[in-house]
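There are two complexes below, and they share subunit A, which is joined by subunit B in the first and by subunit C in the second.
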Partner chain A sequence: MALLPLIIWLIEDLLYVIVFPGLVVIMIIVIFLIYLERKIAAKVQMRFGPLWVSKKIGGALQSIADLMRFSFQEFILPNGSDSLAFLMAPGLMFSFALLPLIFIPVGPYYTSLFPSGLTILFSIALITITPIYAIIVGWSSDNKFSFIGSLREAFLLISYEIPLLLSVVAMIIIYKTLDYLPAVAFQEVHSLPGIIINPIAALVFIIVAIRSTGRFPFDITEADSELVMGLFTEYSALFFGIGMATPYIELYIMSLIFSLLFLGGWWPISSHSAGLIGGLFLPGVAVIMKAFIVMAILVFLRSVYPRYRLDQAVRSGWDKIIYLSIIAVLVSIVEAIVI
Partner chain B sequence: MSNKKRKTRGVIEGHTKALATGFRYLVEPNRMTLDYPAETIKLPSNYRGFFTVDDKKCIGCSMCEMVCPPEAITMVPRVVSSGGNTVPADQETSTGAKPAKKTKRPVVNWGRCIFCYFCFDICPVDAFISSPVHDLSFYDDADYRPTYEKYLKLPEEPYKDSKKVTSKPDLKRGIKYEPAP
Partner chain C sequence: MILKLNEGVFNIEDVANLELSGDRQIELQIGPSHPGSGHMRIKVTLDGDIITRVDPDIGFVHRTSEWLSERREFIKAIPIVERIMLPDTVHANLSYILALEKILDIEPPPRAQYLRSLAAEINRITSHLYGIGIFGIFLGSSTVYMWAFGDREPFIDLMEALTGARITNSYIVPGGVRWEMPKGFKEKAESTLQYMEKRLNDYNDIWAKNPVVEARTINVGVISSLDAIKLGIVGPNLRASGVDFDTRKDSPYAAYSQLDFEIPKMENGDSYDRLLIRIEEIKQSMRIIRQILKDIPDGKIIADGIYSQLNPVMKKVYEQNQRAMFPAFFLNMRPPSGESTARVEAGRGEIFFYLNTDGNKYPNRFRWVTPSFRNLPFFTKVAVGHRLADLPTIYGSIDYFPPEADR
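So, the complex of A and B:
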C-alpha cells in the first residue's frame, strides 16, 4: 500500500503544473494582462483601447475574442520554410518558457512536491533555453524579417544573459543558498525584502526581465514598424497565438522569480505554515499578487518608452548593465561579510 | 568626468520624468478619442462627402468628366423627357413632332472617387449636390458603380441615432467634444 502516497504525490505534482500556479492560472493572468496592457497604454496615450467587444465591462472580453480568432484561423505553411522546425519551434518555445515553473516554489508546501535544493539554479538555467527556440523560429520561416528578428534576439541574448546571472548570483551570495525556500526564509527572518538588501541587483534584474521578455523599450526583436511581426511574421492561427503568449509567460516566470528573490516571496504568510491550503494556496496567492503588480509595472513601460535601436541596446548591455551587475555582486559580498 | 556625471544625472532625471508623466496620464486620463459610432461629429452641409447631381440643372457639358482626376465620372447618354427630367436614351419618348433632345449625365464610380470636388468647382451651372455622408462602404462590388437612377439618390447616413457633437480646441485637453446645438 505504498502506492497510494505515490499516486497522491503524482496528482499533486500534476495539479501544481496544470492548475495552480501552472497553466490555468497563467492562462487567466495572460488574458487579463494583455487586456490590462492595452488599456494602460490607451489611457496614457489618450485613447480608449479595446472597448466594443463588450462595452458594458470596458471591453474586457477582447483578449478572449482574440483567442477565439486565433483558434479558428487558417494555418498557412510557407513554401520555403523548414516545415518540421517551423511547426515544432513555437510549441517547444512555449513549453520551455513554461518549464521553469516546476522549479519555482509558490509556497513552503513545495518541498514535498519536488524535493530539490537547487531550485534557483535550475529555474535560471531553464530561462536561458527559450531564446534558442526563438532563433530556430526565425531561421525556419525563410523570411527576412523573421531572420533579422532572430539575429537581433541572439545579439541581445548574449549581451543580457551575464547581467541576469550576476544579479541572481548577488542575491545567492547574500542568502547563501541555491534554493528559493531558504532565500524567502532569510528575508522573513531578517524582515528585509531583497530589494532593500541589494537595490542594484533588483534594478539589474528588472531591466534584464524587460529585455528577455521583449517588452518596451527593448521590443527590438519584433519591432513592428521595422520587422512587421519579427520572429512570428510568417505564423498564423494558433501558432501565432502561442508566439504572442510566450513573452507573457516569460514575464510571469520572471516576475515570480523577482517576487521570490526581491520582494520577500510569500512574506505576510509564514514559512512554517503547512498543508495544501496554508502551505501552497495562500502563499501562492500572495506571491502571484506580487508578481502581478510587478508585471503591471513592466507592462506600463510600453506606454512611456520608445524603442531602443539594436546597437543602443547591445551597447547599454555591455557598457552599463554589466558594470551595474558587477557592482551589485560587490555590494552583496560586502554585505555578506558585514552581516 | 564632471561632464559624464552630469550626463548620468540627466539620464536618471529623464527616465524619472518620463515615468512620472506616464503615471500622471494613467491616473488622470485625458482622452481625446471620439467614441465614434456612438458619437459622431456634426458636419456642415457643404462637407465633401457623397454627392449627387441635380438632374434638371445639369446641362450635360461633360466638364466634370474631363476634370475628374481619377477618372471616376463617366457620362451616360440620356434623353430629356417632357417633364424636364431625363430618361435613358434607349427609351426614346419623342413627344409630337419635336425629336427628343439628346443629352448626357454624369455617374460616379465610388470605388474610384477621391472626393476632391473638382467637379463641383468646374460645373458651370452648380448642378452637383453635396452631403456630409462620408463614413460609408458597400458590401457588394457592383454597388460601387451605381446606375444613374441609383446615383441620383443620396446614400443614407449611417449611425443616424448617434450623439451629435462638435469639436472645440481646448487649452488643457487638446480637443473637447460638446453636444451639437
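So, the complex of A and C:
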C-alpha cells in the first residue's frame, strides 16, 4: 500500500523533470525561440527568414532540420587541441547551463529535488559556473580566435558577475528569503511585481542577462567579423550545435528567474490553487509565457543594435552597471526599512 | 612600457616604441578565408587587445585585367574592366571610354553626356549602399546589411530599365551610350528616389543615430586632412577628412559641368564621418538624378561620326528601338598611336586611367589605378594603436573592396 504514493511521487517528479517544465519543454522552447528570432529579424530586415523547410507552417521546422544537420555532420578533432577538454567542455557547459533548472520552480506545487530553502542562491551560483566552461572551450581549441574569444568571455564574466549578484541581493533584501516560493508569494500578497518594487534592480538584471547570454549589443565573444565564430571556431557537428544552443538555454533560465523575481511569477494564478491542472500546469504556463515574452524582447535587440567593443562593455560594467546595482541594493534597503 | 589610454585610442608613437619581444605579441592571420576579411589577408600583430602592426596582404583576387585587355580588341576591354569593380561598373566603364575617346578624338553628343552622368549617379548610390551594408555587417548590424542590399535593388532595377543589364551594363561605348532612356523611366526614377528619401530617414534612426554605432565609430580610425593627402587617400574617405576634392568638380567629365551639386565634406575624419558622408553623397546623387531627368537635352545618343558608320539595318534599329548597335569599325578599331589619361570619380574615389596605343588593334599599354588600392594605407597607418575590434570598423568605414584593388 505504501508503494502507490511512492510511484505517484516518482511519476510526478519524473514528469516534472523530463516533460514539464523540464527537458522536453526546454527543447521545444529553444527550438521555437531560434525560429522566432530568425522570423522577427527577417520581418525587420524585409525578408522571409526560414521558409523552405516545412513551407506550409512557415518554416517552423527549420531549427529541427538544422539540429539534424548538426547531428549527422562529420566531427573534426583539431590536431593541436587538448582533446579531453575539447570533447568534454561543450557537454559540461551545456549541462551546467541546464542545471539551475532543478532549483527554479514554475508553480506553487513544487517538489524540489533538493528542498533547501536556498533555491535563489543555488540557481544563481550555478549560472555563474557556465562561463568557466566557455573559457575552457576557447582554451582547448588551440586556435587564436577561440583563445581571444575565451579571454573576452573572462573579462566580461568578471565585470558583470557582481552586478548580477547585487541585483538579486536587492530583491532578496525585500523578499527576506532565499527561496523562490516565498518571493513569489510576497509579490502576490502585496499585488506588486518586483519590477515596480525595484525597477533599477530589474534593469541591471536584464542588462546582465543580455550580457551573459551573448545577445546583441553584447555579442562580443562571438564577433564574427573579428573572431570568425568566437569560442566555437574549431567545433563542428553536434558539439557546435550544443555550443550554439547553450546561450539560448541560459537565456531561458535568466528569463525564468526574471519572471519569478520581477514579474510576479505565476501571478495571476493563485499560489493556493491545487491539482495537476491548477497547481502545476496553469502556473507553469503563466511563468513560461512571461519568460518567453522577455526572451522575445531580448532576441529582438539583434535587429536594432550592432555590437559594442570589449573595452566599452567592460568599462560600462565597472563604470555604470555596478553603481546602478549598488543603488538598487540601497533602494531595497530603504524600502525594507520603510515598509 | 605602460600604454596610456587616450580616449580609447593609443598613440602610434607609443605603440611603435613598445618592446616587440616575441612572447608578448601574437600574430593573427585574418583571412583570406575569414568572415571579416574579404578577399584578402590582414596580418595583425596584437599586444593584448592593441594592434601594433597591420600588414594587408592583397592580390588574392588579382584577375590580370590589364594583361587581358592588352590582348583584345579595344571594345572587348569594356566587360573586363567592369568585372573588376562589380558594385561600381559604370565608373570603370566610363573611365576607360573617356581615355579611349581622347585618343579617337570623338566627342559624344550632349544627351549621351547626360545619360552617362545619370547612369554614373545611379551607380554611385548602389555603390554607397553596398558599402553601408558591408560596414553594417562588420559592426554586427545585420539589419543595416539587409536593408542596404535590399534598397540597392530598386536602383539596380533602374539600371536594368536604362541599360538592359542589372550590374554589368556595358552601357557606355566610344561616342556615346548604347540605349536610349526607355518610356516611363522618369516616373519610375522619381518614385524610386521618393522611396529612397523615406528610407534614408530609417537609416538615420537605426544606423547613423544608433548609440552603439556612435560609440563604435566616433574617434575611431581618425586621419587628419594633411595625413590623408600625404597617403594619397581618395574619394569619400578623403572628403570625410575635410579635403574638398572631387573629380566631378575639379576636372568635370560627362555632364557634370552643367549640373548643380555640392561636394559634402566632414571635419573629423573618423569612421563616423566616413559613415555619414556616404549618406550625404547619396542625397547629392539623388539631387543630380532629378536635375538630369529635368534638364536632359534631346538629340542623338551617339556621336555623328559613329552614327554615320551604322549600316541601314542598324540605323533602322536605332530609329525604332532607340538602341545603338556596334558598327563594324568598333571591332576592327585601330586608334592612332598616342597616349591619354582619364580621371573619373567612382563611388569609392578617383579612378585614374592610362591608355597607350601604337596604331594596332590592341592597346599597347593599359593601366589603371582603382580607388580601393589607393585607400589601402588606411590599414597600415590608421589601424595601428586601435583595438582588434576596431579593425572591422576601419575596414568597413573605408569601404575597401579587395577585387577592385587587386584588379
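Please note the rule applied: the second predicted complex is superposed on the first by the 323 of 339 C-alpha atoms of A that agree within 3 Å, B and C clash if a C-alpha of one lies under 4 Å from a C-alpha of the other, contacts with A are read in each partner's own complex, and residues count from 1 in each chain.
Rule of thumb we're sticking to: a contact is a pair of C-beta atoms (placed from the backbone, for glycine too) under 8 Å apart; a residue touches a chain by one contact, two chains touch by 3 or more.
Quick caveat, the model's predicted, so the values are computed rather than measured.
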Simultaneous placement of subunit C and subunit B on subunit A, clash or fit: clash
Contacts of A:Y160 with subunit B and subunit C, given as first, second, both or neither: neither
Touching partner for A:F292 - first (subunit B), second (subunit C), both, neither: neither
Touched partner set for A:K144, first subunit B, second subunit C, both or neither: second
Subunit B versus subunit C as contact partner of A:F300, first or second or both or neither: first
Partner chain(s) touched by A:M46 [first = subunit B, second = subunit C, both, neither]: both
Residue contacts on subunit A - larger count, subunit B or subunit C: C
Subunit A positions touched by subunit B in one structure and by subunit C in the second: 44-47, 303-305
Residue ranges of subunit A in contact with subunit C within the complex: 41, 44-47, 144-145, 148, 216-217, 219-220, 223-226, 228, 302-312
Subunit A residues touching subunit B - in the complex, by the definition given at the top: 40, 43-48, 51, 300-301, 303-305
Residues of subunit B that touch subunit A when the two form their complex: 18-19, 21-23, 25-26, 29-33, 35, 174
Subunit A partner contacts - residues on subunit C that touch it in the complex: 8, 26, 28, 30, 34-36, 49, 136-144, 146-147, 150, 206, 210, 212-213, 215-216, 387-392
